[in-house]
Amino acid sequence: MRRLVLERRAETPWALTLASPLLAVALTLVSAVLVFLAMGRDPLEALFVYFVMPVSDLWGLQEVAVKATPLVLIAVGLALCYRSNNWNIGAEGQFLMGAMAGGWLAVSTHGLGAGAWVLPAMLVMGALGGALFALIPALLKTRFGANEILTSLMLVYVAELLLDWLVRGPWRDPQGFNMPQTVVFAPEATIPLLMEGGRLNLGTPIMLLVAVLAALLVARTLKGFEITLVGEAPRAARFAGFDAKRLTWTVFAIAGGLAGLAGVLEAAGTVRMLQPGLSPGYGFTAIIVAFLGRLNPVGCLVAGVFLAITFIGGENAQIMMQMPLDVTRVFQGLLLFYVLGCDTLLLYRVRWVREQAA
Amino acid sequence: MTLFEAILLTVITASTPLLIAAIGELVVERSGVLNLGVEGMMIMGAAVGIAAAITTGSSAFGVLAAVLAGMAMAALFAALTLGLATNQVAAGLALAIFGLGLSGVVGAPFVGVQREGIGAIEIPYLSDIPFLGPVLFAQDPFVYAAFALVAGVSWFLFRTRAGLVLRACGENHASAHALGHHVLRVRFLAVLFGGACAGLAGAYLSLVYTPFWTSGMTAGRGWIALAIVVFASWLPWRAAVGAYLFGGATILQLHAQSAGVPLPTQLLAAMPYLVTILVLVLVMRLRGGGAGPAALGQPFVPDR
Amino acid sequence: MTTPLLDATGIVKRFGALLANDHVDLRVMPGEAHALLGENGAGKSTLVKMLYGLLQPEAGHIAWEGRAVHLREPRAARRLGIGMVFQHFSLFDNLTVAENVALALDAAEPVPRIAARLGELSRAYGLPLEPAREVWRLSVGERQRIEIVRCLMQDPRLLILDEPTSVLTPQEAEGLFATLDRIRAEGRAVLYISHKLEEVRRLCEAATILRHGRVVARTDPRAETAASLARMMVGGEVAALRHAAAPPEGPVRLSVRGLSVAPDDPHGVGLREVSLDLRKGEVLGIAGVAGNGQEALFAALSGEVLAPRAEQILLDGEAVGRADINARRRRGAAFVPEERLGHAAAPRLTLSDNALVSGHAASGMVRHGLLDRGRMLGWVDAVTRAFDVRKSPRDPEARALSGGNLQKFVVGREVLRKPGLLVVSQPTWGVDAGAASLIRQALLDLAREGSAVLVISQDLDELLEMADRIAVLFHGTLSPAEPVAGLTREAIGLRMGGAA
């Protein structure tokens, strides 16, 4: 009889750290072919629509950057959380909260001809709104020991309902034919576009800057070491004199702030208003981005671009092949499964052994 | 039937899926595994359940298919966390995301299809008892199943040797292994049971409660079930109390909405989630810290 | 000639690249007390795990009473009549004594009936136990009783004990020997794993000695001396500790006054009114059985947990009770906790990152919040040279090092800073004799060069060898420290058991 056993590795080969997410992507592509076959579609055509078409022209590339911007911003923050064993899964709510906090300024200054200060103030408000909202689960965790996974997730529903109320109630556009949405933001409350004929805006360079800063934080600073150590070995972190509770606050605030920033960038840049469907699930997809990026900011950047492609591919497939949008989520879920499975290779050697006969 | 009886009846129906899913997860956690993917298993149960019921025309077949779907999802989770020793939190999240997506694909052809829900079974004589009769003994089979699950799991965990072994695996897997108990096998079976319960709870939503399919119809109930397990301090009877508390909160806000309480409907709709947070805080405060199984969430890899 | 009870031949077991058992032969006769001797890492535990069915050998044969057997799982071993008492116990803290016993029995038996049988048996052997108590409420000695009684409930022919006295006071150990004599009088064989040679000479009539996974000798320990057995175990002489003359009485470096601390977790033991003085140039030993407040003492002295009042801990005369661990490091203190992996070092981080764990506060490794990787690596190289840390790459992950080498690294990391005060817990726990002797010498030299060293250890022999004075920790209270010259093992042992 043969069976599979895990043998602990003494040391993880460097190349494997890079190869494991690539293997996960490859496995996802293989699975995608099987899914397409099962749905009776031509797998080559579907793969083309999903993964190649989005990057085959300039407009498509701009869209990829537009979608990757919130994903990477959120994922970088989540990576810091997960590195330190703080399971913030409520980024979707923090994203919406940021959009609402920033959007409030846009709505309340609308038509007043306010100056250029509005946009920077909106970005600050967005980051603050997200950060404060993220501090709720952090506080409940450090003060009462309440599980942050559950509390942060519950707050997503609360944020969604709050946004729903605002755009149907106090902030609804009076000239909007009763649609649940705010006014279209005025130019001074809109993120400038980077080029004509697309939606690429200033958010993308901001995202790139954040990714670089986060990479430096993790690799080069004592704070980054603290984040890693608290996650890897909490007792050793206490021995190092690091305060795990304070760190919980810090990483939740950073993650919430970045998610909030992503939210206000999305509202003021890409959508230019508040509406219930503001996020197509960025906050949840960013969890996958963070893991696929190996909880490393630069990795998140690469992974964010990849998942942005699947988002656009999914929309293309819906239009061109009448495939349900949920197929994208199936792929994303599968991808996370494979990423986690492949990560086992880093810690363990998987080996077949023959059992001695009785 | 009085209004109070009617409210009580709806509370019971709203609580039942929470209770069934929570009992399943309770057994899983008692064995030392944290499966956060209840939401994903539950909604797969809902989608597959109604798909099978509509396709075959048999509610019973729908329920069976839902249970199997939940177990299949659980097996996927087990393969990752038990077979490959991956992080249980991350794998649970993956299961939730995957289930939400896959259920949308499975359920797409059935959007908007109405069908007759599974009816109540009136227990002869007992259902004629005034007040108690219609509330307790004229319910659909799921309600009885939920009660049976609470009693059965309680008996299993605290009165049988297999239950003792399961609790031992959740307390200290190294010791259990040293005594020759098959930790991974026990956990695998527990995870499958949790999946079956979550699938059953999902079937209840799509075959009895609504009864039709909409994408994302579990609306966080899987996560609330997880909170109920914490609230219950991993005790089956307390899980029943917790489930009814949350079911009550849901129904009260529905009644408040229809009675025209001058609050935004969105605020009322947020009540169950806010109550969940409040309860999590209060229970930690009163109990002063975790009393969960000591090995909860820790991967186990035996030496070879 | 009688048939051996247990006859294992040519046993081979490999873990990755490590050959843990290399064609090991072991023969235990009926009714015999057989010692399995060897250093940490010699392969003793691996061998007995195979005899108990927990691990499967890759090659070799096991015969029971002359019949070849295949021990697929512990159940199979128990069915033959093999019982095992584990070194770190295999108990469940939150379950009752009776439930713990039920989990080791193969027949399904209602817990109340087990409780009744348990009561009878434990009275018959003079091993009192309350079946309904939860295990976390029990002392270490009582916990071992559960392990022994639950083996006896299965009427074993061979009882395997893995390092049973490492957690007991000398008096408790005497009690255990009496029980074992009684078990042997009933005709049961005992396989006794230990590295304590005097015990083995007192108890056993045969010994198999392992070194690096191989059998190096079979002997009658009663015909040997402790020194000759030690030579066989280690494969040469171990350097005796070089004692420099104790310096004249220096100033007090560390002073603790009436320190009481609540335990960290609800099942733990805190500190009650602990006072001590530690002088420059001196080694103070803190003896005691595990679980008597050692963790709380280390946490309070290091600053991982703050004292209620600042003046309860004085470092060079300054009140530091409310100062955190890094503030104390900056004042010249250094600390080595008991757990190598997870507490002293993070398993999956490199040694240079691990140098930063205790070094970031009081060294040049960090400037303006930025890491100086060159200096971190330099520190690793310095420790490697000074403490003979054996590793293949320059900067491996901590988990890649053997226990002895990692312990040399985490001790060296602190000693190299020439701290004024070093608090070290279990400095040589589970390391080989060579590493242990190097570490002890380094600690002693550090003290003689003008530091003050506090050693918390459960190994009484180690303390008697190194310390100038010894105090005993029992249930969170510390006895006054007394010079080693005037102390006997018996006197310390009584205090460790709370008798004096």
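Note that the chains take the letters A, B and C in the order they are written out, and that residue 1 is the start of every chain.
Basically, contacts are C-beta pairs under 8 Å (C-beta built on N, C-alpha and C of every residue); 3 or more make two chains touch, one makes a residue touch a chain.
Everything numeric here is computed off the predicted structure, so don't read it as measured data.
Engineer: Work out which chains are contact partners of both chain B and chain C.
Structural biologist: A
Engineer: Counting contact pairs per chain pair, which pair wins?
Structural biologist: Among the chain pairs, A-B has the highest number of C-beta contacts.
Engineer: So how far apart, in whole Å, are chain B and chain C when each is placed at the average of its C-alpha atoms?
Structural biologist: 45
Engineer: Rounded to a whole Å, what is the gap between the Cα centroids of chain A and chain C?
Structural biologist: 46
Engineer: Find the geometric centre of each of chain A and chain B from their Cα atoms only, then give the gap between the two centres in Å, rounded to an integer.
Structural biologist: Inter-chain centre distance comes to 28 Å.
Engineer: Where in chain C do residues touch two or more other chains at once?
Structural biologist: 15, 56
Engineer: At least two other chains touched by the same residue of chain A: list those residues.
Structural biologist: Touching at least two other chains: 7-8.
Engineer: If a residue has to touch 2 or more other chains to count, which residues of chain B qualify?
Structural biologist: Expected reply: 289, 304.
Engineer: Tell me, which parts of chain A touch chain C in their complex?
Structural biologist: The touching residues are 7-8, 10-12, 220-223, 225, 228-229, 232-233, 235-236, 238-241, 349, 355-356, 358.
Engineer: Okay, in this complex, where on chain C does chain B touch?
Structural biologist: Residues of chain C touching chain B: 15, 49, 53-56, 73-75, 78, 86, 89-95, 99, 102-104, 108, 111, 266.
Engineer: Once bound in the complex, which stretches of chain C touch chain A?
Structural biologist: Going through chain C, the ones touching chain A are 15-16, 56-57, 70, 72, 302-304, 324-326, 329, 335, 337, 339, 342-349, 353, 356-358, 360-361, 366, 369-371, 393, 396-397, 399-400.
Engineer: Looking at the complex, which residues from chain B come into contact with chain C?
Structural biologist: The touching residues are 161, 164-165, 167-168, 171-172, 174-181, 289, 294, 303-304.
Engineer: Which of the residues in chain B end up touching chain A in this complex?
Structural biologist: Against chain A, the touching part of chain B is residues 36, 40, 76, 80, 83-87, 89-91, 93-95, 97-105, 108, 215, 219-220, 223, 226-227, 230, 264, 266-267, 269-270, 273-274, 276-277, 280-281, 284-285, 289-290, 301, 304.
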